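Labels A, B and C are assigned to the chains in the order they are written; within every chain, residues are numbered from 1.
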């Protein structure tokens, strides 16, 4: 078996949908043991969401759930009943990290807040991920991905580049903001774990999705705080030569902050006459005539495919990126060479191909040991083998809605 | 010539647990097409009942569900949503029978009671199975199997006189109701052939129980006597002369029912003509039926019990039957599954289920010479036939994805 | 003072621009000592400019953007074109736990500072190399910045309106890559604490973006469909959009997931007649008719400010949050109470407000305390105190331009 970076780490996940599960997926993919707790019968919300294999809605065939829950063990447990909470606390005794995403009030009412759990296990690191954090006037506010993206200011920043007529603020695609919060939580969790190696003590980590997103635009947000305005969005793209350009079969993005990169671009385009104009020699001149230049550039770009532009430009060290679709990426030779896509067999979905990880570790590489769990797949393993329940107990507990 | 008795008949089942599903199972096994409507995600509650292979709960492997729902198509539908309700009504237009076991108030609230369904489909037969029926002061009362058996009078007369009333196990009230519902439904279907009209078949579980109590009702209406709990007539008298009881034998139990003089004589022969049994006065049948005679009779109970313990089940069963005495083994499940008579008649059938695998199930409780009963497909997986059924109504796969995400199916 | 999570950890930081420095800065927030190895000859370009063709600030020691991305760090200056500078760089690595760099693949190797070379000076060194598309593969020499990462990573194609162009993401792409680097480094530190072994991590910024749209790939690998831009919409929730409010360019986001929330919304907006229209009677129908639904809701929201809408709807248990502008974040009472920003004093540009670390540890709080260092500010401290070089030697190396 491959050596893993987080072997021996025991994680308990009491979260749903994207943020919490993505956080523990990152840990599971690097070897941590993650036990995912799902509500009985219904399971994680993500099981209800597309894409479904062959467009057949089925709780074991959601691509979203699959991707977010690779390498985990799965149990069902109802924490709204006494017995369920009792079993949860027994699991906590042996847990290093608990990742949860419940509203703070709910976790308090259940008696499963950090203060209560640390009495059971002082070494426990509890990572709580909520839209607005554990404190503050919005602590109990409800927010979905759309709301946290907009409430972080990132939606307005994103749409600042749009022409005024359509300038409705825009959220990131898919569940991007929720993934961001999950990554942030994973990072913070690892920090606390490292600390615990020396102190032996656990702690509570408070992750606010809103803050996780603001952090990703710290520079721009900082400018607003200091200067009362930001030069980034307004100046950057309107005054910038290049940017988004149409290609014959799609789009490319040009980013040419340095002069030698501009030179590479005009070389790519065959040193056309218009590019020799005096005005464009210096950056200032180019910036002032950006609109005109972009028209010339667009005209040329439209004659070539995005792949052609991309590879030819890069051969000249000109920073152009093609706007890829997932189809393009699955065909990418670079990604193939990187082993970016993995495959694993799933009992209901068959063979599934999915993105692996963006990093290659020389000693402890990413690997997939098991697909996402079926609902309650490891109930017996966890509740019988580890908590000492009998098999017949499980049948009764299921009938009583405990698991 | 159709191969099945109910070929072409279309049934929509909007029911769960036992009473509704067993009724439509009887119809489906006779060739009707039964579409079973289950609630999304959760499905029929019998999916949680078990038993489960290897005791691993799995809502696709519950023994009760698999038995009651073989031969049906399964769809998921949430009738509490506007869209779900509209789809249900659309389905009703295309079926002959709806079998349901929801509380009457629920059917009214949802908008699926008989007057409304009749408007949608004048030919529809609606079979409603409820604890106490569609009207009356207990119409909206809640009752599970145990409650119906108690209210129906069955529990009172079951069990030990010294102990509390006893439940006849494994959902018997539901099965009784289902049987009566099937009879009622088929009658309505038959009448519809002549009249062209549907009707409402109103089944009360309570009444189904009350109708199988044998002499309990007449005991009271004729003699003003409340029939107490007793297993046999001997219990009433307090002495046993002829064996009418369950007796322990060497390797199990047998049930013996000696009700006629010749049976008594054969029984005495069976047990080797012991001295205590050869008195000719013991052949008088009045000993069995008339209390005054019985009062003077000897209590042979202990001797019979002791004697029978020396024999095996098979010796008594076959020995008794050869002498034309009604003796049968008391079979447990294993006994029933290995019982030669059942196997020879092909009572058990094997069905291959995609999740539960190949298992044996009870088959037909009756044989039709021209249109035999058959079990053709296993119980459906939850929502297994959504695509098949809904595409008939013009829904695309993408529609179904969205409807599933919105909780409609 | 409570122990910081990474107390005692030292980072040899060879990064520049945005993606690298933010990663090491977050390690610095966790208490690691970060030594940024720069060169006066070729300063980090965020000292000179942002990606904007805007005005530069008053010199490499007066750049707010640099400050914002290099808080808590120390700076030494080495002219890496000189072999002696490379040796010094190695010596810094020899007293460090982690090396982070984001040069074009091959540059560190050419300088003599590749992983194999550094392993010799510190066998358990952890090294993370971050690049546009990764250190191996046919395109490894390709160059890029944040907008190109988001384009190449598949994100830009999915961002925007269905009837509009793709929108590349700017700086946040870099910081997403950086956050991934920080996470990876921490896992390697954890591994090293258990086993004593370091390793090399090769990270592709483009890939760090691509993993954040994982299910989009599944749509293709399972169903052969290429997902497209969806604006503010969701796969099944409706209402789920951004609605115009009173005032100039004020919007509120509203999302409804359950029947209870829908009922609560209807009630909160006064149960206008249209809410009982059969078109909106269940989740599926609301989603199918969302264009009309959005218009009707917009006719209600326009009468209130975005904050008023939030208060009213949140009270009813409905998810409504204003779409805040960068400026409005600073006026938000919640963020203020959360202390989402801190003040740092910079010797040249004065008081700067910077966004705080995005996590709250109960026992080992983040440290955001020190301004982004001046160029070479810590040459004396690092070479003198940490490496124990005598003053004269340092002086000589400065004259030679090794320490530049």
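Everything that follows uses one rule, which is that a contact is a pair of C-beta atoms (placed from the backbone, for glycine too) under 8 Å apart; a residue touches a chain by one contact, two chains touch by 3 or more.
No experiment lies behind these values; they were computed from the predicted model shown.
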{"item": "Overall pattern in which the protein chains touch one another (line/ring/star/complete/other)", "value": "complete"}
{"item": "Two chains sharing the most contacts, counting C-beta pairs only", "value": "A-C"}
{"item": "Chain whose Cα mean lies nearest the overall Cα mean", "value": "A"}
{"item": "Separation of mean Cα positions, subunit C and subunit B [Å, integer]", "value": "66"}
{"item": "Centre distance in Å when subunit A and subunit C are each reduced to the mean of their C-alpha atoms", "value": "12"}
{"item": "Between subunit B and subunit A, distance of the C-alpha-averaged centres to the nearest whole Å", "value": "54"}
{"item": "Touching two or more other chains - residues of subunit C", "value": "235-236"}
{"item": "Sites on subunit B at which at least two other chains make contact", "value": "405"}
{"item": "Where subunit A touches two or more other chains at once, by residue number", "value": "49-50, 52, 55"}
{"item": "Residue ranges of subunit A in contact with subunit B within the complex", "value": "41-42, 48-50, 52, 55-59, 376, 379-380, 391-392, 394-395, 398-399, 403"}
{"item": "Subunit A contact footprint on subunit B (complex, rising order)", "value": "41-42, 48-52, 54-57, 59, 383, 386-387, 397-398, 400-401, 404-405, 409"}
{"item": "Subunit C-touching residues of subunit B, taken from the complex the two chains share", "value": "81-84, 402-403, 405-408"}
{"item": "Residue ranges of subunit C in contact with subunit B within the complex", "value": "235-236, 278, 281-285, 287-288"}
